[in-house]
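One chain, chain A, appears in both complexes that follow, with chain B as partner in the first and chain C in the second.
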Partner chain A sequence: MAWFSCYLTSGKHMLFYQSFVTVLMLLAITAPVSLAFGFGGAVASRSHFLPLAWFGKLYTSIVRGVPDIVFFLFFVIALDQGIEWMRHQALCPDWSEPIRQGNDFLVCPQAKAPLSTSPQWVHEVYNFSLAVFTFAIVFGAFAANVLYGAMNAVPKAQLETAHAYGMSNRQTFWRILVPQMWVYALPGLGNLWMILIKATPLLFLLGVRDIVYWAKELGGTKSDVYAYPHGDWRIYYFLFLLVFYLAFTRVSEIVIERMTRKLSHGQATAGGEAMRREA
Partner chain B sequence: MTCGETFQAYALRSLGIGERLLPKSDITLCDQIVLIGSGLIWNFYFAAIALLVGFILATALAVAKGTKSRWTRKPAEWFIFLFRGSPLFIQFFLAYLTFVQLPKVGVEFTLMGVEFGAGTHWLTRAWLGAALVLVMNTAAYSGEIFYGALRSIPRGDLEAADAYGLTGWHRFRRVVWPTMLRLAWPAYTNEAIFLFHATTLVYFSGFPARKQMGDALYYANYFADKTFNPFVPYPIVAGYFIFGTLLIIAVFGLINKRLNRHLPQERRRKIALRFNLIR
Partner chain C sequence: MKKLILTTAALALVAGAATAADVVRMGTEGAYPPWNLIDDNGEVGGFERELGDELCKRAELTCEWVTNDWDSIIPNLLSGNYDTIIAGMSVTDEREEVIDFTDPYTPPDPSIYVALEDDVDLTGGVIAAQTGTIQAAYVAESGAELVEFPVPEDTVAAVRNGEADAVLADDSFLQDAVKANPELKVVGDPVAIGGGVALGLRESDSELKEKFNTAIQSMKDDGTLNELIKKWEVSSLW
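Here is the complex of A and B:
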């Protein structure tokens, strides 16, 4: 018992617990950012200015047609190289050698992102923000699709009435369309949230030290150097992660159900009608 | 090497046939296209097995969840919750770690001069272990889809079946099951695409690729690591997957047509494609 309390509070385990915070933080940052991306994408797809509409549609359909994980692997390297390339152009203009030398990608040392001299936490933050950005791009496309559908689901009569009252396009959009679209978007967004939760273990593939990384490290057999030698316990660590995710999705399900009830109140939908009958 | 030679050497590399060493330097576009295409065999294999076996299991799950008896309903509900509520990534890890710890037992027997054998050590190989996880995963997702369809079978159809004196197995086989499939098919098509995309996760979680025999993404990742250039291999994977997705849409569209053939034109259900990501 005492052994376990020591074991579970060792320094490495503290890092393990912290990584749960990392995952929650990722969710907390990604959700609003990708919602913003999605909103932008949906508005772009609806735009009357054709190139913008094409851009919006292209964005959503490309990201949705390709396996997620390909995007995750691709975007992180592509972003990293893109940033380094731009810094290279800006910081060392008189660098004569080509950047792509055969199989290598070489930029001048000043353009490395982050700088090789910077402390460990800068590297971690940099990796983490790349991951957040990638998640936001991918999930933004999905959210754009949901919001686009929701905007089209708002009854046309509502918008026509707004025009008849003399509202401008902009006013109609912000005062009539946006407040009403959420009830139509919520099932889709709720689904997306569940998928987002279940996508977080992919952080591991992006090189962030997340819960999967630590579960693998701590569960593995340790040499004598390590303070707490034990057998292969990875299975228990992963079982714990499984329970964590199950609990998390269950709680989310309940919260989303409550939100749906709240939003349906007084709406001209089947759900709203059912609530009116009940009352 | 010319492209023809490359094709001979690497077309079946993912099955262990052909050149043993992967190209290390002077990687040509042809190398990448052939080898990644070779890996695609595994993706098709996993998707086909999971869909075929998962379909049967999913029907059983849906029926079990629809029964009144607690003893059949509860296990089905738990099974579906377990596999839908947790990330596939974690499921792979956990399954692999469990399979590794299983005692190594095997049976061998001779039937008509041919030796057969079966052993638990196969479970640690991707072709069986990962396929098993994918089967159960897709069974849970499609079971939920089928259950929803089962509940929305028109009451008139069931009453007609009763009026004709159909009972038990006959009633299920002739009326309930076809109608359930017809109603569920659009959603099931999306699930199939989604599963096809999910096969890319196999070699990125617990299951190791033995002798570098991996799937499409495994080779793409290999090339991206070797050339430091993600802009070639990942778009190739994406292209292959878009092709595979179109194939699934075509096949499932034909089945959908057949399921709907007795209905008047305007009541046929079209497949509305809704792409999803990570499970």
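Here is the complex of A and C:
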């Protein structure tokens, strides 16, 4: 018993517990940012200005078509090297050696992002930001498609009535279309949220140590060179993660259900009609 | 929170631009005891941690430790996320084409097979090895069926649950695994593969390579390297 209480409070376990915060923080930041990306993408796709509409459609179809894992491996390295390349151009104009030497990607030391001299936490924050940005782009594309569909699902008569009342396009969009589209978007957005929760282990690909990484590391066989030797305990750690993920998605389901009820209230949909009859 | 992170990131970018001292980032896997591991405080530990710290002291470098997946350990070195690979990596011709190696810090050591029973078919059965290792390449050529795993621990687990007949890996790693799992045993003859373990560096970093070579030589000369090898039981002595 005493052994366990020492074991479960070792420095390594503390890092494991902290990684739960990392994952929750990632979700808390990524969800609104992706929603914003999605909203932008959907609005762009609906635009009457053709290049903007093409841009919106290109964004959603390309990102949705590329497998996540490819995107996470390729895009992040490209983004990182892009940032370093730009810093290199700005900070070291006198650098004469080529950036690409065979397989090596070499920028001047001042252009490294983050600098190799910066402490480890800066590297971690940098990786985390790259992760948030990448997640936001990927999930933003899916959200854009959901919102685009939701905007089209709002009955045309509603928009025409708004115009007949003399509202401008902008007013119609913000006062009539946007408040009504959420009820159509919610099932799709709810799905995305669930997928996002389960996609967080991709964090490790981006160099952020998440809960799955720590569960694997802590559960692995520990020989005598460790302070707390034990056998292969990964199954227990993964069972714990299973419970965590199931509980988390269950709570999310309940919240989404409540939101659907709230949004359906007074809407001209089957759900809204059912609520009207009940009342 | 997001604002906070963005601000700190921006600050880091600005503040960093002023200084650029010599910090060498040491990349390791942290999943290959006794070579490298994550200790109970969550820090990199093991033979290579002690060795690397001593080498950095002798070469008068400031070193920082980072961990990376074995799968992408070479690409991340090339794109500059860290400056050395110190992860029990054997020198091979294929790797030499992409990266540079220092002089080896442990002599070439045979790899061994570990299985549940004595009479397994090592040349026709199913053999587990870690992806991208010299052992995986060897098994693929030997005629046995190769199953690959991303982390060393999984290769041992595959033998214990019967997915593979045997596992081929470094002697020191498997000896540890056998100690922890008494039902496992060493089978067959050791096989001599690989050319010693060394630090991996980018080909353009020849200055750093010289510094490490000098430090490794000095540790060989005064016997401290042998003491470390003996302490961690990672290989035979020089």
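Annotations for the structure displayed:
Simple rule for what comes next: the second predicted complex is superposed on the first by the 277 of 279 C-alpha atoms of A that agree within 3 Å, B and C clash if a C-alpha of one lies under 4 Å from a C-alpha of the other, contacts with A are read in each partner's own complex, and residues count from 1 in each chain.
Convention: contacts are C-beta pairs under 8 Å (C-beta built on N, C-alpha and C of every residue); 3 or more make two chains touch, one makes a residue touch a chain.
Computed from a prediction, not measured in an experiment: that's the story for all the values here.
In the superposed model, A:A274 lies in contact with neither chain B nor chain C. If you count the residues of chain A touched by chain B and by chain C, you find the higher number for C. Looking at the shared chain after the overlay, A:M86 reaches neither chain B nor chain C. When the two complexes are overlaid on their common chain A, residue A:E217 makes contact with chain C while staying clear of chain B.
In the superposition on chain A, no contact is made by A:L8 with either chain B or chain C. Contacts of A:Y126 after superposition: chain C is touched, whereas chain B is not reached. Contacts of A:P67 after superposition on the shared chain: chain B is touched, whereas chain C is not. Of the two partner chains placed by superposition, only chain B is touched by A:L242; chain C is not. Touch criterion met: A:I77 reaches chain B and chain C at once.
Counting contacts as defined above, chain A residues 73, 77, 81, 103-105, 204-205, 232, 234 meet chain B in one complex and chain C in the other. Of all residues in chain A, those touching chain C in their complex are 10-12, 14-15, 25, 28-29, 33, 73, 77, 80-81, 84, 91, 101-107, 109-110, 112-118, 120, 122-123, 125-126, 128-129, 204-205, 207, 216-217, 220-229, 231-232, 234. Against chain A, in their complex, chain C makes its touches with residues 1-2, 5-6, 8-9, 12-13, 16-17, 19-21, 23-25, 30-31, 33-34, 37-43, 45-46, 64, 66, 68-69, 72, 75, 78-81, 83, 98-99, 151, 153, 156-157, 160, 176-177, 179-181, 202-204, 232.
On the chain A side of its complex with chain B, the touching residues are 64-70, 73-74, 77-78, 81, 100, 103-105, 138, 142, 145, 195, 197-202, 204-205, 212, 232, 234-235, 238-239, 241-242, 245-246, 249-250.
Those residues of chain B lying in contact with chain A across their complex are 25, 27, 81-82, 85-91, 93-94, 97-98, 101, 197-198, 200-201, 204, 217, 220-221, 224, 226-231, 234, 237-238, 241-242, 245, 274-279.
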